[in-house]
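Accompanying notes for the structure given below.
For clarity, chains are labelled A, B, C and D in written order, and residue numbers in each chain start from 1.
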Amino acid sequence: MSYEVKSLNEECGVFGIWGHPEASRVTYFGLHSLQHRGQEGAGIVSNDQGKLKGHRDLGLLTDVFGKSENLEKLTGNASIGHVRYATSGTGEVNNIQPFLFKFFDGDFALAHNGNLTNAKTLRHEVEKEGGIFHSNSDTEILMHLIRRSEKETFKDRLKEALNQVKGGFAYVLLTDDALYAALDPNAFRPLAIGQMKSGAYVVASETCALDSVGAEFVRDVEPGEVIIINDAGMTIETYTKETQYSICSMEYIYFARPDSNIKGINVHSARKKMGKTLAKEAPVEADMVIGVPNSSLSAASGYAEESGIPYEMGLVKNQYVARTFIQPTQELREEGVRMKLSAVRGVVEGKKIILVDDSIVRGTTSRRIVKLLKDAGAKEVHVRISAPPLKYPCFYGIDIQTKKELIAASHTNEEIKELIGADSLEFISEEGLINSIGLNLDAPYSGLCMAYFNGDYPTELYDYQQNLTN
Amino acid sequence: MSYEVKSLNEECGVFGIWGHPEASRVTYFGLHSLQHRGQEGAGIVSNDQGKLKGHRDLGLLTDVFGKSENLEKLTGNASIGHVRYATSGTGEVNNIQPFLFKFFDGDFALAHNGNLTNAKTLRHEVEKEGGIFHSNSDTEILMHLIRRSEKETFKDRLKEALNQVKGGFAYVLLTDDALYAALDPNAFRPLAIGQMKSGAYVVASETCALDSVGAEFVRDVEPGEVIIINDAGMTIETYTKETQYSICSMEYIYFARPDSNIKGINVHSARKKMGKTLAKEAPVEADMVIGVPNSSLSAASGYAEESGIPYEMGLVKNQYVARTFIQPTQELREEGVRMKLSAVRGVVEGKKIILVDDSIVRGTTSRRIVKLLKDAGAKEVHVRISAPPLKYPCFYGIDIQTKKELIAASHTNEEIKELIGADSLEFISEEGLINSIGLNLDAPYSGLCMAYFNGDYPTELYDYQQNLTN
Amino acid sequence: MSYEVKSLNEECGVFGIWGHPEASRVTYFGLHSLQHRGQEGAGIVSNDQGKLKGHRDLGLLTDVFGKSENLEKLTGNASIGHVRYATSGTGEVNNIQPFLFKFFDGDFALAHNGNLTNAKTLRHEVEKEGGIFHSNSDTEILMHLIRRSEKETFKDRLKEALNQVKGGFAYVLLTDDALYAALDPNAFRPLAIGQMKSGAYVVASETCALDSVGAEFVRDVEPGEVIIINDAGMTIETYTKETQYSICSMEYIYFARPDSNIKGINVHSARKKMGKTLAKEAPVEADMVIGVPNSSLSAASGYAEESGIPYEMGLVKNQYVARTFIQPTQELREEGVRMKLSAVRGVVEGKKIILVDDSIVRGTTSRRIVKLLKDAGAKEVHVRISAPPLKYPCFYGIDIQTKKELIAASHTNEEIKELIGADSLEFISEEGLINSIGLNLDAPYSGLCMAYFNGDYPTELYDYQQNLTN
Amino acid sequence: MSYEVKSLNEECGVFGIWGHPEASRVTYFGLHSLQHRGQEGAGIVSNDQGKLKGHRDLGLLTDVFGKSENLEKLTGNASIGHVRYATSGTGEVNNIQPFLFKFFDGDFALAHNGNLTNAKTLRHEVEKEGGIFHSNSDTEILMHLIRRSEKETFKDRLKEALNQVKGGFAYVLLTDDALYAALDPNAFRPLAIGQMKSGAYVVASETCALDSVGAEFVRDVEPGEVIIINDAGMTIETYTKETQYSICSMEYIYFARPDSNIKGINVHSARKKMGKTLAKEAPVEADMVIGVPNSSLSAASGYAEESGIPYEMGLVKNQYVARTFIQPTQELREEGVRMKLSAVRGVVEGKKIILVDDSIVRGTTSRRIVKLLKDAGAKEVHVRISAPPLKYPCFYGIDIQTKKELIAASHTNEEIKELIGADSLEFISEEGLINSIGLNLDAPYSGLCMAYFNGDYPTELYDYQQNLTN
């Protein structure tokens, strides 16, 4: 029966550019600063005078384009690119984006960040009518819907298709004569527009990618919008009026790079404020504040600043850990062999520690870190989490599929505290989080999606409705 | 004429273990935490019942042992390993260590961190007598000297050879029946002994490698010592009595991992104290303190803590930058395309910044970072360096060959400040540095080598004497 | 506009097996003996209890499955495989077969040897109706036609699809419960059925693949047949009654391996008879007969045996030439540097030579070989070709697209003789060829396709009609 | 204890050139035609204005120089190259030649075809005096002897060293100002000099390499000679007067390429005469003569021509077999799965066959081929071997180490016939072989080494004396 639902769920990064003589090279550098959004695979498609050419493969961007000829062959003035998230299991190059399609009437390319909630239903319908899919990614569906539309222009077909797909999505498309970008009606996923000094427009999942290519920020793409960029410039249209902001709060908490801004809010500053709020909401007497590298360092420094407790480097992350396939055996693990994180004995020995982390999913990582600190001599470890407890799955683009994976879905704070071996455990409150981010949009939760914390999904869930009850 | 002197100079990491059933695997994890000491190449030699087997190659450890069979074939109860520093230019696998020698009367392996000051002279002499070298590394020399010694036992031959080589060196050797470790008479390079729960002894360039394999710290190797580890346990002997501590101060400032201790001093704590000292020696009014990631973060947090000025994440380092061969063209650079470091506009815009860095070599990196911050809107950038000005080359294992490479050798602070575009520039004082580290050994400069700052070389320079005058 | 027609045309090899515990391994060895039919890429799909898994890549079979895990993961009792011909230009892995499709209602795999004459028209129609192709191979079309069929069973859908595609084709398909093989109505391409000792059925492009896996020959697939093999055994059906034998004569002359039999005729023996016929039709006084290695050795030995002139090894082929990318520069070529073929001076010097070759396409190879022999001292070189002059393109699976590529389409024998520098040149007659092969089927030309020689195409040409007039 | 003797024994190919602007490229093409002499590894060293640069690696020449930059970096006017034989077990790149040495007083490179009989003794002596070897190849010894010589000029040192090494050897050496070639006092191994049209001199293991680079044959190197080629031209000197021809008869029988001449005798012609002699010495009534591809085809055609029995292609060799690592399992082998050789059923079924092969070593291959033919329906298989029975090991460069590996050392013809399942078995006589080759030099056996057949070793055996008695 059918394809696996699991690999549909991904967190990715997209980039697009129109009107630059080194379009694919700029895309490469843009994707480079989005690498944290996906390390499984990468690809770029360029448009050279209406003819599209692409290269994609499994691996980090630097692996995929390690041979410079792979990039150099992608000539042309426009380009889109994609980095893909490493889901569990082995990937296939067929699923790596952008997807490049060559029809008798033209070339098209497509890349996507997000997750559709009605992908399975749509695919089933298309296949019943004779359609053939070549990946198990839900990204391909949009192209089938476009090709099956009977509207006259590509733009109208695209709009019709965008109204059929549901969930969280940020698309970039490249045709022979234009670059398109489209965002879901809730703006679940981030997508920003910038302009380079030379005038070329770029779109990217995060503003850090605009910065990295020297582009000035123009504006965020708004929910329900389609952006069309071609030689005549940029046009902004909408494909639906039924929109409401529900920006993924996990982007602020964990995913996005600290130097990115989302809807005008700097991510590092938001995290630092979360840390400060935590310090106010859940103070504790201690000798030092330690953050889990790298994503929790901003929140930890905020906690330290607010509390007046020194901020110390009590944990060190091995920066070369990325791609090792050799793991310690169970025997070695028991002897204390470790690879990724080290506790700094000289810093933590005999000390009371406030450990700031950004989330607890299964709890296994937290337990390991607490143990690491205690083995290195820490007297007390007080865990402070800069997100509320994760209790519900996400269906809009983050790879948390079922409640079973979420320790907070079935355990109290006290139970979790025991399980991870902490001396105390506190989470930021939902209100504290919302205020720390400070979006203030005219929408529920000030415009944030808080569903993973409280189950209040801002949209119908379609194919996933059943997952909630499992 | 002759081989190139340049590639002799290297900063590396060594590891050794005796008496563990998974010796080469433990060595792999030990080297993993020494990866920051050398990314050009890696190798491991194991001893399986007296027969030595090795694997080495160019690349990161995870590349060299990416195919697990490369590690799995290295069976046996003892092992030594090495990571090699990426000097400029392309390397050759012939230079990757450990070197493995197969003689009619036994197998030997050898690895080395440091630089010999009389390597050229010794090599010349050996070649004149018919000796043949197969690498252009100075490591090979020790084995020639050992083989040419007429002493009876291997240990005595080794001691005789150790008295012939001059400079900075930390050797590990593996024979059919023992593991040897030896340190130069000045202890220029770090070398520590640990013991695993199972009783196996390990030696490593830094204590972080002991931690990563769960070994308890036993003691540092002292200058002029030879450590012999075999099935009977550990024996400590000396090959010379003419010793004097001159521990490389750059290990504390820049090279070593923050979680390592050298001669009892934690590196992170030393750096944090350097930051505090800097704050006292060179205060300035500002909105925030920023460290250059990753090596200057400890010093920056010390500066912030001492000064009471908030510590912020104003620079973000792309953690995936390691191995890209594709660089921005000049045109793209001028448009603002960047790869490695990004300034966080949302944090630094309109702000007066204290930028803490650990050293200025040529000045080009500092100039780029100051420009980055100013381009992102920083109002003022005050640079504070947690090392004194680098004015003299190092011949004991750090790859700074000539004064020409050192901007501080020929420019005043004021000139450097102008060149890097800073609003002010201050370096820590020599005394401030010595006190911050706090070694307090009974030797000049409390036991530190300060030669790169003041030209006071603690040993004769032999083949390099001429370099000082160039 | 649209996809390139050129890469549609390919000569390939297919293999399939049902009911063997090491199905994919047997397929590997079967494909190994079909490697001469395609060196651009290879792939295998296996059926493990209804679930299909595949691996394919560019390169020789031994490259694609060089890592044994690539083969070992293809578990299951049934399998199909494919080797693909190296057309000019760079290939893409997307075009490598078998194609593996995963639908909501099941998995399917498909591989193909041949060329469709109405591929462009069919693809255009499917795309107009919203279908999406993912390769520029014409193989994919069959699956679209099957999926669009409204028949009830897979077998009926397949038959309907087989009636829509035109040209030369030998298909193997794998579903969750059966292996299918189908041949075009003219039997342009060879396809044979065998049975292993264990009872498992195999199908293969050539009988040499049956031999190489120890399978006994059962029968050739007949034109218009569909073979269905499943756990119940083998069933033979037809999808059309409008059939007529037109077996590709170039299979006997050049493509097939000498140890294969096609429709009961051994290829080596047929070639030897062509040589004998040539000796009778075009005798010449000479010192020795030489064949161009390797494909013309059978014909040359036949010529020698019939004429009584000694057969000598006057040309040697470098067996390691396969994959070198380094070519002699023009300067080196002029100095006489050669890679592939060498003339044996000690054998040919001062001798009158009969050079037997199997075909002349552009004439450049023949000219080079004649020059080689003359440079090595040959006194006379009389060229004898065991095929009639190639004057017309092939549209049924051989990569000869236009008349322009065929020297015999625009030059007389006398002109060609001058161009290649031979002392005389003769081709076998059409009748001589037909009699040498000795098929004797009740069809024009005894059941052979002779279109490349006389333009008498046995079918309508559809999309290629225009190519004839260019 | 010590290094393994086994890997010392190798059959290799060498090439050298002086005075050509594309020296390394010419060397590449020269080695290409010597690839049959060694497939384990390859390397080239070039001389660019006195500075030597090299590249070498495991694998076929086309793999080692697959990236053209590996060849392109080897600039300069002179070059030497080497292809290495695949001995059993895994090789190491350290053993791949040419060896490149960089001394304070100059660069040297060295490559070698042959085997020294006193290698172990010499190595032992050098190591005792402190010398260090870096390979387990005996080639390295010569350079140690040269460096230890106290003669004044390089040439005199080389001559002194050549008088110390014993056995079979053909050396090429490259220095900053000359190319040297040297042959052992018995001319066991072939070595020929040629001259290109441009005037550049080349030396090569076989004349086919001269042909392949368009060089005219000048003369064979004679036993005991040293050839010096530099910008002043070629000089021929001798290092010993105690010489006697003992050319390896296996070069004529099996190793050399058929288009090579050795001491004026064409190898193909010699093999054809061996076949004719066999037909006279051991006639048998049969339907056809079949040769084992590829090395026995010349002898088979000679047998056919002499006997008047037709020569047929009854065995086909898969030309793509070279590098597959996937082998049939025992189960598949029993089902008849085969990879390398196929019998042509359509040719051999029901026929009496004369199978001509060039040698029987262990007998396992012969048994497999006879079975192959009988399984394909052959009625009788009469085996005829174009070499006398192999009864003694070779210590001069062919990888036959011990009598145990040689079936003829311990079995009668009748026993071997039974073991291989032949209907009859005959070997050529020693006299027949000598006359077929027709060297006619004024030395025992007309100048051939016949030791593998009759144990009459033309030199003292030194380290190997004991092997004869095992």
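The rule is short, and it goes like this: a residue touches a chain if its C-beta (ideal position, glycine included) is under 8 Å from a C-beta of that chain, and two chains touch if they have at least 3 such contacts.
Just so we're on the same page, UniProt names per chain: A, B, C, D = Amidophosphoribosyltransferase.
All of these numbers come straight from a predicted model, not from anything done at the bench.
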Shortest chain-hopping distance from chain B out to chain C
2
Top of the farthest list for chain C, CA-centroid basis, is B
Chain C and chain D: spacing of chain centres that average the CA atoms, whole Å
36
Just how far, in Å, is the C-alpha centre of chain C from the one of chain A?
49
Starting from the mean Cα coordinates of chain A and chain D, work out the distance between those two points in Å.
61
Could you please write down every pair of chains that are in touch?
A-B, A-C, B-D, C-D
Chain C residues touching chain D in their complex are 22, 25-26, 28-29, 32-33, 35-36, 39, 60-62, 65-66, 68, 71, 196-198, 208, 211-215, 257-259, 261, 266, 268-269, 272, 294, 297-298, 301, 305, 310-313, 316, 318-326, 328-329, 331-332, 335-339, 342-347, 376
Seen from chain A, its contact residues with chain C in the complex are 1-3, 93, 101-106, 123-124, 127-134, 136, 140, 143-144, 147-148
